[in-house]
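What follows is a set of structures to go through.
Okay, so chain A shows up in both of these, paired with chain B first and chain C after.
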Partner chain A sequence: METTKLQLLKDKANRAMGINPSDALISKTYMFIAFAALLLGGILGLTQGLEKAGLITLPEWLTYYQVLTAHGFLLVIVLTAFFTIGYFYAGLSHTLGGLLPKVRTMAWIGFSLKIIGFPLVVVPVLLNDATVLYTFYPPMAASPWFYIGLVFIVLGVWMCAFGAFVQVASWRKRNKGQHVPILAFFATGVFVLLFFGSIGVTIEVLTIIPWAFGWTDTINVMVSRTLFWSFAHTLVNIWYLTAASAWYVIVPKVIGGRRFSDVLTRFVIIALVITNIPGGFHHQIIDPGISLAIKFMHVFMSLVISVPSMMTAYAMFSVFERRGRELGGRGLIGWFKRMPWGDVRFLAPFIAMAAFIPGGAGGIVQSTNQLNQVVHNTMWVVGHFHLTVGTTVMLTFFGISYWLIPYISKRVLTPKINKLGVITTIIWTVGMALMSISMHTVGLLGAPRRTSYTTYGDSATAASWDPYIIVLAIGGTLLMIGVILQAYAVFHLMFRAPKGETEFPIADVEENASETPYWTERWGRTIFLMLLLIAMAYVIPLVDMIVNAPPGSPPFRTW
Partner chain B sequence: MKQAAYGFALFVFLALPPVARFLESVMIMHMHMQMPLLVIAGYMMARYFQLWFPGFLAKWNGNGIPGIVLFSIVVMYWNLPRAMDESLELAGSELFKFVSLTFLAGLPLRDSWQKVGYACRSTVFIGYMAISVALGLLYTIAPVQLCNNYLLIEQITLGWGFLTTAICMAVYVVYRLMIRHSEYE
Partner chain C sequence: MKLKMHRYEEIWLLIGCGLLIVFMLITGYQTFAREMGPPSGNQKIDWRKVDQTAPFDKPGLRQTGDNEYEAVIILEAFGFTPSNIEIPAGATVKFILTSKDIVHGFEIAGTNVNAMVPPGYVQEITQKFSKPGEYLVLCNEYCGIGHQMMSTFITVI
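Now for the complex of A and B:
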């Protein structure tokens, strides 16, 4: 009884005083690295966009593919991983009454492991010894140190995942029979996926290292690719789940409403955790060595993921409509006009959600065998992930940064920076629309992806792609402006904005909400089902790939 | 009662010749999809029998042990490679598979699971885990075809299916041993 009272008092104090400085430092450090990676990755993105359009020529010592590798690595691995960890650790600290000292230690150990890993990854890339793109699968072989660096990064992420599990378990012990607060529930789902999703890629990397050192002669390329995509597709959905946490929990508070059904929210998280990892196969839909029946099964498994996404879309618009009508909106779309369009904390995630409609539709196209054959190796795919990751995920992260950074820095969002945020969002939207639409279109016309500037021997067809590539470069330039503005806003909010307390916006459940069943808290069961589904999905193709394996491939250096 | 109707619909669906033929065309789908689904159909239909024949079940399965024994015998029988082979060759055996897994395994499992104690439930679970390991090793190591109807590669695949199922079950057992629900709920 006494402990509960003490805990309640502590929670109240936490809420009143804001975040504990030691917890804030963890999130601030992660956010700093994340946005520094955005700035650096953005510059590299613009560089390769201009090179691809033939507008600049890179110096001898820096190749297009090196830039592409670093761009992908910084934005797809560093930015997203650091943002996700920084955001959820702040959320865990806020909703679970402060981080435990041992969890803080784990977060710092995780950080150190990642920081040890980075130079091991980056230096070979800079030395042109690891120009294997961020997908890094064989038969292209980088310097073995590149893969060793990746191992350290994965270990760092695992340490953070375990820290989150310890924190949640401790809270549950202190709050018997209660539901874990919704943001911590999202964090649990994300960290479960981060841990289990990265087991496949860890096995892959551990088989690549002896091969890259020359201790083993060959490697099974198909198995490596399969293990890689089991991770990479999960990573995509980790970003999505992170973004969705803000949509479900934060955005309703920002607009002054209440969040949608707690039962549905938790169901969506559980469904995404269970069904996610096997989705990786749709990235291999035109790979040889996988039978059509298996591919068909995986199209189904991939499309299953769209069910919770549809639920999310419905839930979000329902929240908006309800709030809009409360504010006096009438008619079919009158409520829509009542939304706080001038508030970057709403505008950015709203555009992010809207972008997910074409983004998701494009994803369904790519999961479909025949349609994928048309677009697979073209710029369409690049357009797709710039729409999903570059817009849906990034704009949500930007939206979060305008309240999270002031919250952890004990500063406030000024109207000026809010306005800057709105301008950044608009520039980003226009830039990404130009870039993504031109990428999709030129992809349909046949322009291949992952290629530096070439005229293909002055081919007329290739020349017809040029106007689109120029539009792409214009979009990329606008995005660079967006990156600079966003990085400025983040660093300003972190170090220069006026001091003060900022709220961590968490919406309450709706009135008269039905009670959430307790089975949602049974993570052991959820993980058991997830593992069963992974076994069902992977056993048949992996056994086939290993038992009927070709001789294997020696390492190749294609650059 | 709705659940019993769904169970019956699932049973009918599984018995449709194209569905049955498709699921039986791949060894691992035969054993790890069709057979468990038949048990699940029976499990769902059990509600009907519990409501309509309470006296019968109370008389013959009062403490749940007979039902669990029946379930275990039927499931063990269908784990024999020869039994699976026969169901593809003999119509009678195929019919017996549908009837036994649904009504002599799924149905008693549900009626018994709540009646038997924790020790019995754990024994069944761990027993099935051990059988999965044994069959997994048998199917992956055996150098010859154990079923006339399936190729060696399918047999190895099924073996790995058993082993991964056992791994999942082991993870669950470790989770249950390490984590006491009473500390959290």
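Now for the complex of A and C:
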């Protein structure tokens, strides 16, 4: 009883006075690293785009593939992981009445593990000892230290996931029978996926390390690929779920409205957690050694993930329409004009959502047998993830940064920085549109991904791709400007903006909402269903790949 | 357990899920009835003995029927054996592929030929070449420092 009262008091203080400084420091540090990675990864991305277009030549000591490895690693591992953790830890602190001291410790241990792992990964890449790209498909083998670095990073992420579980479990114990606040519910879903989704790749890396050291002779190539994709596609859906948390919870508040049905929101999260991990298989649709029946089942397993996304699309526009009509918008689209277009905290995530319409449709194309065959490993795929991750996820993260960074730094967003944010969003949108459209098109024409500048023996076909690659490079240049402006805004809001209190915007549930049923809180059941689906998806093909394996492969170094 | 949805949301989801089912039906029909499924060769091979294992001991083009051919091709960093194949227009070619080292990709730009070729497996994919011309064949899976040079041509005459 005493502790509950104390907690209530703490909750109140938390809301009134903003974030606890020790909690703020955690999120601030994670955000700093995230946007530093964006800056560095962006520079590498531009370098790569210009090289691919044949506009620049890289020096002897730095190859296109090294740049590509580092670009991928910084943006899809460092930026996204650090942002997700920094954002959700601030959310847990805010909605669950401050982080527990032991959770803070866990966040810092997790941070240290990642920081130990970081140079172990980056130094071999710089030394050209790990030019294996971030997919590191065996039997190409990097320096063993590269993989050891990856293990440290995964352990660091797990530590943060466990920290979040401890925090949520402790809140539930103190608030028996109550629903976990919605943002913490999203965080739980994300960290459950992060943990279970990375088990496969951890097993893969743990078999690679002794092999890369030469302690074991051979490795099973197909099993490694399968374990890798069980993780990597889950990862992109984790970022998507993180972005969706801001759409459902934050954006409605920014526009002054209320959030969509609580029960449907929680249902979407649960559905995404259950269905996500098997989705990775569609990356192997044109692989040998997997039967057509298994592949067909996996088309279904991938397409199913789009159902919660369709629910999200409906939810978002429903929230916007309701608010637009409240503000006096009339007719079929009148409400649409009432949205706060000049507010970067709305504009950026809105464009992010809009980009997910073609992004999601492209995803359906890619996960379908015969259509995948047309675009697999072409620039189309690169266009796809620059649209989904580069636009949908990134613009949402940018939108979040304009209130989250001031919130954790006890500063305020000035109209000037807001305006800068709007400009950045527009530059980003134009840059990504140029880049993504040209990538999709040239991919359909057959241009392969992950290939440095080449004329393919003066092939006329390859020459016909050049104009698209030039447009791609122009888009990349615009994005570089966007990266610089965004990084400036973040560091300004962190260290220079005027002092003050910024609100953590969390929308209330709709009026006369019906009671959310308690089954949504049964995470044990959700995880059980998730594991059941994973078993259905992976047991048969993995057993087949192991039992009927061809001779294994020793390490190769081909760069 | 009840999820209360707005009428419009139910309609929206019904249309969406209906489309997915139609998608699945078309994909399934094409895959299983029309044999248009993605390349899924299931034969294993000792990648260390590719040169001594049939049919890769004699890589090249072989006629198997009326304007039907088999092309046995070995992929290794950074090239195709044999390279520069010539085939008559209208020919249907079954490509039989394997890798001697790491994971490669086999793509013929401007066609639907696209298959992963990891070591230890024999991958198969068939294509009919109706239009004469020079087709660019390339590796579309990063395979090392010479990846961008791993290409050849198929000339259809």
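Assorted remarks:
In this text, the second predicted complex is superposed on the first by the 557 of 559 C-alpha atoms of A that agree within 3 Å, B and C clash if a C-alpha of one lies under 4 Å from a C-alpha of the other, contacts with A are read in each partner's own complex, and residues count from 1 in each chain.
Definition applied: a residue touches a chain if its C-beta (ideal position, glycine included) is under 8 Å from a C-beta of that chain, and two chains touch if they have at least 3 such contacts.
All values derive from a computational prediction rather than experimental measurement.
Of the two partner chains placed by superposition, A:328 touches none, neither chain B nor chain C. Of the two partner chains placed by superposition, only chain B is touched by A:173; chain C is not. Put simply, more of the residues of chain A are touched by C, taking chain B and chain C as the two choices.
By the document's definition of touching, of the two partners only chain B reaches A:540; chain C does not. When the shared chain is aligned, chain B and chain C each come close enough to touch A:548. Of the two partner chains placed by the overlay, only chain C lies in contact with A:517; chain B stays clear of it. In the superposition on chain A, contact of A:532 is made with chain B only, not with chain C.
Of the two partner chains placed around the shared chain by superposition, neither chain B nor chain C is touched by A:498. Of the two partner chains, chain C is the only one that A:286 touches; chain B does not reach it.
When both complexes are overlaid on chain A, the residue A:101 reaches neither chain B nor chain C. The contact surfaces that chain B and chain C form on chain A in the two complexes overlap at residues 548.
Looking at the complex, you find that chain A touches chain B at residues 169, 172-173, 176-177, 293, 518, 521, 524, 527-528, 531-532, 535-536, 539-540, 542-544, 547-548.
The touching residues of chain C, counted against chain A in their complex, run 1-6, 8-9, 12-13, 16-17, 20, 23-24, 27-28, 30-32, 36-42, 44-48, 77-78, 101-103, 105, 107, 109-110, 112, 114-123, 134-136, 138-149, 151, 153. Looking at the complex, you find that chain A touches chain C at residues 63, 65, 131, 133, 137, 139-140, 221-222, 225, 261, 263-264, 267, 284-292, 295-296, 299-300, 303-304, 306-307, 310-311, 314, 318, 364, 368-370, 372-374, 376-378, 445-454, 456-457, 459-462, 514, 517, 519, 548-553, 556, 558-559.
Across the complex, chain A is touched by residues 26, 28, 32, 153, 156-157, 160-161, 164-165, 167-168, 171-172, 175-176, 179, 183-185 of chain B.
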